[in-house]
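Note that the chains are named A, B, C and D in the order they appear, and that numbering of residues resets to 1 at the start of each chain.
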Amino acid sequence: MDKLVEQGSRRLKWAYEHMPVIQELDRRYREEQPLAGLKIGMALHTEAKTGMLAVTLANAGAKICLASCNPLSTDDSVAAALRNEYGLDVHAKKYETQEEYYNNLNAVLNISPDYVIDDGADLITMAHTKRRDALKNIKGGNEETTTGVIRLKAMAAQGKLEFPVMDINDAKMKYLFDNRYGTGQSAFDGWMNATNLVVAGKHLVVGGYGWCGKGVAMRAKGMGAIVTVTEVDPVKAIEARMDGFEVKPMAEAVKTADIVMTVTGCKDIITEKVLANMKDGCVMGNVGHFDNEINKKDLDAMTVSKEKARDFVDRYTLKDGRKLYLIAEGRLMNLAAGQGHPAEVMDTSFASQAMGIVYMVNNHERMSCQVYRVPDEIDNEIATIKLRSLGIEIDSLTPEQYDYIHSWQEGT
Amino acid sequence: MDKLVEQGSRRLKWAYEHMPVIQELDRRYREEQPLAGLKIGMALHTEAKTGMLAVTLANAGAKICLASCNPLSTDDSVAAALRNEYGLDVHAKKYETQEEYYNNLNAVLNISPDYVIDDGADLITMAHTKRRDALKNIKGGNEETTTGVIRLKAMAAQGKLEFPVMDINDAKMKYLFDNRYGTGQSAFDGWMNATNLVVAGKHLVVGGYGWCGKGVAMRAKGMGAIVTVTEVDPVKAIEARMDGFEVKPMAEAVKTADIVMTVTGCKDIITEKVLANMKDGCVMGNVGHFDNEINKKDLDAMTVSKEKARDFVDRYTLKDGRKLYLIAEGRLMNLAAGQGHPAEVMDTSFASQAMGIVYMVNNHERMSCQVYRVPDEIDNEIATIKLRSLGIEIDSLTPEQYDYIHSWQEGT
Amino acid sequence: MDKLVEQGSRRLKWAYEHMPVIQELDRRYREEQPLAGLKIGMALHTEAKTGMLAVTLANAGAKICLASCNPLSTDDSVAAALRNEYGLDVHAKKYETQEEYYNNLNAVLNISPDYVIDDGADLITMAHTKRRDALKNIKGGNEETTTGVIRLKAMAAQGKLEFPVMDINDAKMKYLFDNRYGTGQSAFDGWMNATNLVVAGKHLVVGGYGWCGKGVAMRAKGMGAIVTVTEVDPVKAIEARMDGFEVKPMAEAVKTADIVMTVTGCKDIITEKVLANMKDGCVMGNVGHFDNEINKKDLDAMTVSKEKARDFVDRYTLKDGRKLYLIAEGRLMNLAAGQGHPAEVMDTSFASQAMGIVYMVNNHERMSCQVYRVPDEIDNEIATIKLRSLGIEIDSLTPEQYDYIHSWQEGT
Amino acid sequence: MDKLVEQGSRRLKWAYEHMPVIQELDRRYREEQPLAGLKIGMALHTEAKTGMLAVTLANAGAKICLASCNPLSTDDSVAAALRNEYGLDVHAKKYETQEEYYNNLNAVLNISPDYVIDDGADLITMAHTKRRDALKNIKGGNEETTTGVIRLKAMAAQGKLEFPVMDINDAKMKYLFDNRYGTGQSAFDGWMNATNLVVAGKHLVVGGYGWCGKGVAMRAKGMGAIVTVTEVDPVKAIEARMDGFEVKPMAEAVKTADIVMTVTGCKDIITEKVLANMKDGCVMGNVGHFDNEINKKDLDAMTVSKEKARDFVDRYTLKDGRKLYLIAEGRLMNLAAGQGHPAEVMDTSFASQAMGIVYMVNNHERMSCQVYRVPDEIDNEIATIKLRSLGIEIDSLTPEQYDYIHSWQEGT
């Protein structure tokens, strides 16, 4: 067996071993074949965990075509193994050019999918704009991430969304786990792999205190950093403060920052104005979906020389003599410089994807062109399977307790 | 000045000094008089922070009548000062009998209030049952706590709720802070005052992983306990586990428990079946609203002798020789054995109350007999005032950023 | 039974229930009578845990005379119970004047003790100066706290110490537990009782990063504070930083401080220069042994009016209009405003005292006038009893492992 | 420039940029030439930080010969760059056989060093046994790690040590930082790189609660694990429990373990008896110096098949069907599967090495064949330089304060 395929196979097997909910759904769907005869186009980070989602959907009866949702996030060994060992149609490689990236998304739409699974909404956007030929066959889709959901809700609000979409990102079994514990850990996987620098005792600035930012801040504290949070939402700002973090505007926070991680889902978090204040020696990385949180044009304009400092770190020497460091060109550092989220958290995210797409297949005719929350029943079923896989028992309400919390007459 | 009044005045002044949002609303409402000519009936824990809410509403033009929402939670010095220094109509004392408790609620309804502010929904329930005479003048109300909201939603679902109610409990500036940081800290205020026992190295079981339970578990960990969580909701159960806590059924968890705190809002969390397994020497306390989380009948039935072990702790010697300890007779230990939530967290809770009741006064005619969420604008305004009082500046979205996160065309 | 005696008896019983090592030593010493016929003079904080140490030593055969080592730290109910229920000779009350304080220490020396147990070294100092009449019969002593050990080592270094002293403070089973987990928790017992203010989100400055300061900083973080540490030792300063705390000079740190706690064992930590910079509204408390860490003369000199803000808090209004708050007049806030260390941590401290004094009785003839470390065997025995009481088993070295870590020939 | 050399040069430059104390010593020693004319033989992990220590010593005038102290811990690119760019004599490569490993140590001794710097004491042991020819010229040495110090103290106790050795491991600026924050972080660098599995919610067992074990346990907790500690020392066992960890015998702890990390410095921590109880799916790794903490012979004897599961993980399928996983063949997982300690913590460790060897050169004639603590002055100087590099100011004692804590007359 080819070395690359062998490595990819190992990684897929390893992931599968640590995804007990996917294992159970795989067993169930192999038998039930809920996706028999359907074509599913996917644009996700092509690595081991996603690979096992694709395999599970294929085992459930679907024809799969898979591209990556980010030019840097493909694991070539996994792509090779999916093609060679599992017979999937995969269009993805690490370090895609912009052109290759869009060619691959086009390849996915070329199969004329019945359903699409997207991460960041590039694929769905293309289907609604340049590839309206593909649009007419699409009955529904899933969206994985905050950024994509924001875009799709904007489309729906403007009446531009032409099929229903399941908002997987806001499934409880996704965002409560993937965004916090997944991003929280993988950001530091990327950090340690890229820099081999200590976190303890460092001033670390987290841009954004959404669920992902909360995860990064929590783990930064857990590793000994002194954390400052930046926010635009006053409620989240107070929450960050009450969680024991300093809260400041970004342009203020960077004055003493050793490390800055952007996790906002917005653009232009680190701009010329911010860079002007940044402490000499600061290392920046992005954990948000797109590579526009740190404005590289602004950084380039202030730079006199740029060189590779480590495999995933560039050293920018500015006109004023300061040296700043950027991880993975400002792309998702947990995927570009690390190995992405751990299998166990992707297990429940991708179980939400799998159950979400099956739900969509069964219900799309009753749904309108909106973004839908995953029903609580799906969250509860996934959680229940996960608990069982961990050997954890929990209490259940007695009928008297159930009545009590659904009644109002009993008081002091 | 009377000693008791003097002490109460000091406590009210102290609380007010640490409630900057209430201070700002007080200044604003004194001028605007939004509650001029209205009668407001209140049933809350009669202590210093609540006192300052009542004073603020009085300063805003309302006639106030105040009772306690729990027979053990009154601070007599504060009650005295509210009567003597601030001229409020207060019907509350510490250690009320069941009869006194209901007499006091009746006194509140006797003023025929225009609006009611409740905590636990006993007052509103009375107005809908035995005191329907008072019901007809009530135009709306606020409810403070999880337990009360559950009851009122049950009433609304059954079509039994006869005026609109603001769900203050689920205002972001309430539950995110009061329930977590307030309950989290005050539970241990009660603990330390009642027991003077160490938390570090103890097996501490938290019953319930809602926002209050999360706060208690977080602080227990922060004080060095080894924490186990019990839940009936599988999603919350996984969340607790991922937060680094053991998750078990209660009857299992108590086998090694040194400390048990119930924080569920449900009843019968500690019953005969659980007590049968409980470790010798275990100390139990309740942080949920009502005193039925720990079933005292079950405990009494297993007991051969009971004696006072400390001012707020009873020692139960069971038939099998085990000794179990119960704090504050199973009533809210943070209020009965401690001083309740810190002023700073009640600041934003009671700002939500004050702004909520003003909102209700201005909008009740457009509202139906339902339980209403506090509008985001109120949360944001409270958060903004709070940030200002802390001297914290935050970022704001540029127009380009605003467009970006409300658009969908820009992608990879 | 007298109410006060009854309360004190309850507290002593409660403490004893939670001191399993003292229980075991008590059983052992009742039988062995290692202190038969000896007079022991004690100056410790007269509260429940100390009370049980005194009772244990009495049960071991000694005649006990007990005073308090701090004018504010006596629990009158415990003093009453020790006198009335246990027949001990106790000279202590809460709120002693300076004169009463020294009278009580003199009373202890009046019994002409064979051994002394001291906390802060005031008693031992008196015996070496004004009460040299008592000195001649003293064969040895124990010292409980950092401050006292510093004083006694200074005496020994100058050749002024005239009997051997066991340094109980530096016994592992004392300082690793009492200083960290005891002080860490009880500082916040005092804080919550005195202020009822939140810790989360507050800027809290800890003066000193010795074992006590580490404990306070650790718990402050665990309760959600943003912690800054001040130090004079560069190694401890770096350690604090690596533990995730800001490190600053005190005069800088107080500019943004909401709470300051001094835990240095040195004097003049908060002086005029520091107070000049202190943030309006800051609350100060001391957790160090003496009340000279916060210089009250300096504070008084800057003050225009002073009033009681709460039972244990004074409000100082300065000439420049700022209001500063001082807890318990700058005395040990965990004892003066709280209930002192939990029984479980005092268990091992006082087991070190009990075993230390028995060791001294058995070995004093072979000892010189120095300050002695408690032998490792005592630490290990106390730890082993404690583990047993907790039901914890641990591994032990196999003979092969023992040889391995005591040999040098086996390598890579 | 050769690719490998280029990569190594980048890594050395990167490390140097993050080692401000080494930078300052390098500047100082280039001028002072304290090692002029001396030959220094080194056996350390040959990677970037060590490389910069070697370069600094070379710049200080010494002739350097460097081998690795572990067959798996060499960074080939750094070795290449040290040879080609810095002209050092380096005998090390990744994946050395046992024979190559000892050949390289022999090469170091072949230069007949004046001083040796060792990590694990293999080099010093060889000089005392098979290579006594080299012994006669060695005037002194440094030892880096716990394991080595244990061996050397055993030698000294038996009168077998024939030159003085500085115990660098127990320098405060080494063990307080390197062992805790370095090992704590790098263990999880190795973990994430080897497994890409989540830590949060996992049962993680830490074998040993010395300074390294404390670091690993602290970070495990900081990443969300539920941690159990095993110990043979009763005092450390209680300490672990008070820090919020379960404490159990290893054979008990592994029954529910998802992850086991051994950090004891002893051998045979995971043996047949332990493996027999281990939970199916458990992943084991070692963070102690030698690869004998997990007994691979015992593991092999229970295994029916073994295969590569990931690049640094082997899957063992046992006779009873359980699958167990071993990271990096049981060798130091933070170096074999990760990148070793961060540069900033090695900065102070290697500053202790550099100042320690200069101290030895200046003082060896006054020293006997013992293991020596690094003088406090060196610790304080390193800490002071480090603070300065971080821009941190601290307080200093006034003369009055100095007198106060060195006197004994001032009391209550």
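In this text, a contact is a pair of C-beta atoms (placed from the backbone, for glycine too) under 8 Å apart; a residue touches a chain by one contact, two chains touch by 3 or more.
Model, not experiment: these values are computed from the prediction.
J.: Any chance you could check whether A-C or A-D wins on number of contacting C-beta pairs?
T.: Between A-C and A-D, the larger count of C-beta pairs in contact belongs to A-D.
J.: Please name the chain that ends up farthest from chain A once chain centres are defined by their CA atoms averaged.
T.: Centre of mass proxy via C-alpha means gives C as farthest from chain A.
J.: Please tell me the distance, in whole Å, between the geometric centres of chain A and chain D computed from their C-alpha atoms.
T.: 36
J.: How many Å are there between the centre of chain A and the centre of chain C, using C-alpha atoms for each centre?
T.: 51
J.: At least two partner chains per residue is the criterion; list those residues in chain A.
T.: 181, 200-201, 221, 224, 238, 241-242, 390
J.: Per the contact definition, I'd like the list of chain B residues that touch chain A in the complex.
T.: Answer in residue numbers: 69-71, 98, 101, 120-122, 125, 129, 150-152, 154-155, 158, 160, 172-173, 176-177, 180-181, 230-235, 237-239, 241-242, 247-250, 252, 265-268, 290, 348, 379-380, 383-384, 386-387, 390, 392-398, 400-401, 404-412.
J.: Within their complex, state which residues of chain B touch chain D.
T.: The touching residues are 200-201, 221, 224-226, 238, 241-246.
J.: Where on chain A is chain D touching in the complex?
T.: Touch residues, chain A against chain D: 7, 10-11, 13-14, 17-18, 48, 181-182, 184-185, 188-189, 192-193, 196-201, 219, 221-224, 281, 308-311, 313, 338-340, 342-345, 390.
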